[in-house]
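Take a look at these structures.
After this come two complexes, each holding chain A, first together with chain B and then together with chain C.
The block that comes next holds the complex of A and B.
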């Protein structure tokens, strides 16, 4: 049987396993657990699955997939919640959601942002899964055309968003991004395993872990600011009082359905390319939205379309990540690796013949991930208005709790005190950066992508074409031109605007 | 100028901070009390250097799952993933833990031995307490189907063979084999794991790969890779019986050291009776019918060696590598 052929009988049989009291209950449980794990900084969909795996030992593999798929699928939406409410992405892929999600909260529009995130996640998740499943053979060929030069260009694309972030001056943004890239060089040289910039500190061997740094820069920085300003996150005096409920977010997303479609497409493709990782998906799609939408001057200051773009791509990428998992038996993301591991624990061989021997398991994964998006959307939408109240709590009460949650979160990540220290140090750095107008997201981008960019750049140099490799391969060249265009375009636009104003 | 309130806030913050660091330390100091009589009376930590979902993780979790049967009521095996630094972080934790039998590990062997050949490490693989070998996994050199090379001879005669690898210390065995076979390899390092390196070869970025049979088996079944030499196995592998071993190709001495070992180990100076308890319990687990059934179905093979046999097998392997120190020096830093 060819991979990706649809077997309706097996599909219905699998669907029936879910559509009974026990199945629905497991789906519900998985979704709720996944959302909670996603929403708590430091925990993630992967941790949710690792915790749940022992509980699946008593189940058959198909039911186990239902629980794990639901938990994992729901976590990506959960991660958007703290990004919007407290400026801290639950997981790194949600980082781009911070850009507009948090400013929306500051203007008292967190309900709208949460509603939009829930809707965009659900739609993105659906599109990603369906596109992947419909085009497995075609996408598999396409993905094989991506090699080291293309990987580099994709990460470079992600990095180039620094130029359009719009917080502080361009020079300060580049300085922050460059500093982030420098920090990403700490630890083992990924190519030769030599130690770099570790100053004899064992913790630094593995480099600066992104997640604790992220908590420090964004959340601790926010805590300090809250305490100094003594005002709740949502500034109700300046923000609008009406039309900020969760449904306004749903409507905004549906109005921008073409944007959702495009960003989901971007997310699916990036997710499907093994080696790039999903982190860039949110950022690239955010950049795409900022450059293609009309009236884009509010991006970065609380434009709902920024949230929609990032969240749609972020959930679509998980669908895409199924592709290498299913087509080559190579997990496309950390989460997929745990899926395959869990299947093996259940005694299922995860080679390509999974399509022949265990098709029901594959379908259950699809069904549970689709199902959990629906459940997550319902839960998310019904709770969004309540969750939005968080932004109205007085800082004296809220800040210490937030502070504690972040520190526990960074400790929980790897049970390492070093991570907690990193969080605290980056908290100070974040506070000062904010005060002097340096973009913290730029630093995070550098830290997140610097390593990947370095590896793929040096790998390209190791190939026969050397530096030329970037320009003689069509996809790489196209990506390079797109990057040039997207960096230059804003300058041309602002130049033209100035000319018009002068006239 | 800083306002008085701001200074006060900062001071409160610092007090909170200090409190946060002190209180958990205080609590932790009470928790680690072990009594010698009733071992094991609490959970056993199995610290592994692999990420969730990988080969190390899968074996560790399966053993943890079935070992529970043979442990006293309420005692579990808790698998802890501590990835990083090429498994060094995990082994350093195990090596320096209290030798009370409550912390064991699954070190990557012989990969973890190489760093200590060149530089002093915070562990010494010649001193750990070996508990069991789960599987001795040979390595296989394989050619990508769309490479211009088709046979081992092609590789040996080529000017340059592109070999995607993860890192130089984890693929030391392949580097040595290539040197021995006279293959002029151009290594492309920096892949996240063996699967990504294989994918690089499949899409045409590499000519040949060398990884453990366990991680390449799937690709042989699917005819995605062509195996050309088996390294570190006394006899041919039955699933790919047409492929000769390195010994058959005339490199018996090197063939002996090139296998990889999936092992369990404890810190040095583990008390004799606890070592015995762990070795016996793990041995029972590996021969448990349910575990055996799992291993067969999941295609995660087990060929166990007991603790003493493991120590006996690994000592000459580690010694054998020191002979090739000069070759390795070129690559391992």
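The block that comes next holds the complex of A and C.
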């Protein structure tokens, strides 16, 4: 059978396995575990799968994929919850959600943001999976066309978002982004293994880990501010309103269904490219939404469309990421690498073979990830009111616990006490940056993408010999033009707005 | 622009410049990104620092300056005191965890912070400290089997 051919008999047989009592129970358990792991900073869908894999040893491969697929698929929505409520993305791909999600919480609209995130995640997840499995042959060709110049352009595309971030001023954002790239150079040079900026400290050999820096900059900076001001996250006068907010988030997402579709498309394509990652998908979609939506002046200040764009993209990317993993055996992310490991443990080969010998496993992955999005949305929407109450708790009770959760979460990533110290240092830096209007997201983007950009840039120079190598390949050139457009567009829009105001 | 912000920007500028200087020691390709990003960010930061000193004279600078999320003006004397004490408490907590480990550091910090800093009741401070320790123990040690750092002073 050719990749992408649909076999109705196998599909229905697999669906029946999921829809019996045992299947539904496993789906529920996987989804709840995934959501909890996604919502706890430091844990993630990957951790959830690692914990669950030993439990799948006694299961057949199809049931095992049901459990793992549900846990992994639900984690991304789980990660949106702390991003919205406490400015701490549960997972790095949720980083773009904080840009508008947390300001919404501060304005007492956390219910709306959570409702929008649940709906956008579900729709994005659906679109990502369906598009991937409908267009496997086409997407496979597209993915295979990617090489070093295209990878560089993708990371550069991610970095160009710094120019359109709403937080702080443009110059301060650029300085923070540049500083982030500079910090990404700490540790081994990925090409020559030369040590840079390590000053004899062994911990720095592996560079600065992004997740502890992320927790420090976003969460601890916020925690400190809460304690200094002694005010809860949400304004108590306008605090979360019961019931109303959640459904207005659902309606807002449905009203912006074309935006969901576009951002899901972006997420799927970026997810299908190995090594680029969900964080880039979230930020590029956010930038796309900010540049294409009308009345975009509230982006960064609590616009629900910012939450919709990033959540739709980072859930859609899971569908895309399955493509290189299953079709070529190339894991595009840590999560997919664990998936690949789980498949191997159950004696399943990836590549063309999986579409012939184990089509039921492929369908179960698809169905379980679709199913978990529905379950996650139901749980998320019904609990959103309760979760929103978190923003009303007195900060003296809540903030020190959040601080400790960040420290433990950082430690749990690599069992390194150095990460705990890095979290604190970045926390202090984040607090000062917040105070003086420097974009913390720009620094994170620089830190996250700097290394990736450096590797692909130098690999291009080695393989293509000249800088021209970036512009002679069609996809690379298109990406370059898109970057130019995305950087110039805000200035044109701002100029137009000024002209209209003058008139 | 207040002095505190200028000091912060100068501090960042010095770090950036030092990193640029260190990057000259690296060989060929290893030098490209540190040098390029270092010079880029140092130039912008240098411009911002310079402008901060001349902001009153050069009026066009106002175009680049927007109101920070939390300006120093908004911090009262009490808030400034709290800011310093929170930094001290958090640093102390990290140091305690480093020396004594998570299982001692977590309840100790939480209890002391709630009782002394937040002036909560004995009951609330004790209950929260014990509950958080229990949740951490159950989640990380019992379920996830993560060997939490036990401190460099303890065996």
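Methods note: the second predicted complex is superposed on the first by the 489 of 503 C-alpha atoms of A that agree within 3 Å, B and C clash if a C-alpha of one lies under 4 Å from a C-alpha of the other, contacts with A are read in each partner's own complex, and residues count from 1 in each chain.
The rule is short, and it goes like this: a contact is a pair of C-beta atoms (placed from the backbone, for glycine too) under 8 Å apart; a residue touches a chain by one contact, two chains touch by 3 or more.
Please read all numbers here as calculations on a predicted model, not as lab measurements.
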(message) Let me test your reading of the model: by the given contact rule, A:179 touches which partner, first (chain B), second (chain C), both or neither?
(response) second
(message) Going by the contact rule set out at the top, does A:341 touch chain B (first), chain C (second), both, or neither?
(response) first
(message) So in the superposed three-chain picture, is A:192 touching just chain B, just chain C, both, or none of them (first/second/both/neither)?
(response) both
(request) Please indicate which partner A:401 is in contact with in the superposed arrangement: first for chain B, second for chain C, both, or neither. (result) second
(request) Would you check which partner chain A:328 touches, where first means chain B only, second means chain C only, and both and neither mean what they say? (result) first
(message) If we overlay the two complexes on their shared chain A, which of chain B and chain C does A:472 touch? Say first, second, both or neither.
(response) neither
(request) Look at A:55 in the shared chain and tell me whether it touches chain B only, chain C only, both, or neither; answer first, second, both or neither. (result) neither
(request) Classify the contacts of A:424 with the two partner chains as first (chain B alone), second (chain C alone), both, or neither. (result) both
(message) Looking at A:224 after the superposition, I want to know if it touches chain B, chain C, both of them or none. Which is it: first, second, both, neither?
(response) both
(request) Name the residues of chain A shared by its contacts with chain B and its contacts with chain C. (result) 191-192, 194, 224, 227-228, 400, 403-404, 407, 415, 424, 458
(request) Could you pull out which chain A residues touch chain B in their complex? (result) 46, 49-50, 53-54, 57, 144-148, 188, 190-194, 202, 205-206, 224, 227-228, 274-275, 324, 328-331, 334, 336-342, 344-353, 400, 403-404, 407, 414-415, 424, 455, 458-459, 462-463
(request) Flag every residue of chain A that touches chain C in the complex, lowest number first. (result) 40, 43, 47, 51, 167-172, 174-179, 181-182, 184-185, 189, 191-192, 194, 196-197, 220, 224-225, 227-230, 396-397, 400-401, 403-404, 407-408, 411-412, 415, 417, 420-421, 424, 427-428, 432, 434-437, 446, 450, 453-454, 457-458
(message) Please output the residues of chain B touching chain A within their complex, sorted ascending.
(response) 6, 9, 12-13, 16-17, 20, 51-54, 57-58, 61-62, 65, 80-82, 84-86, 88-89, 92, 122, 162, 167-169, 186-190, 192, 195-196, 198-200, 202-205, 218, 221-222, 293-294, 297-300, 332-333
(request) Sort out for me which residues of chain C touch chain A in the complex. (result) 4-5, 8-9, 12, 15-16, 19, 22-23, 26-27, 29-30, 32-34, 37-38, 40-41, 44-45, 47-48, 64-72, 75, 79, 82-83, 86-87, 90-91, 93-94, 97-98, 102, 106, 109-110, 113-114, 117-118, 120, 124, 128, 132, 136, 139-140, 143-144, 146-149
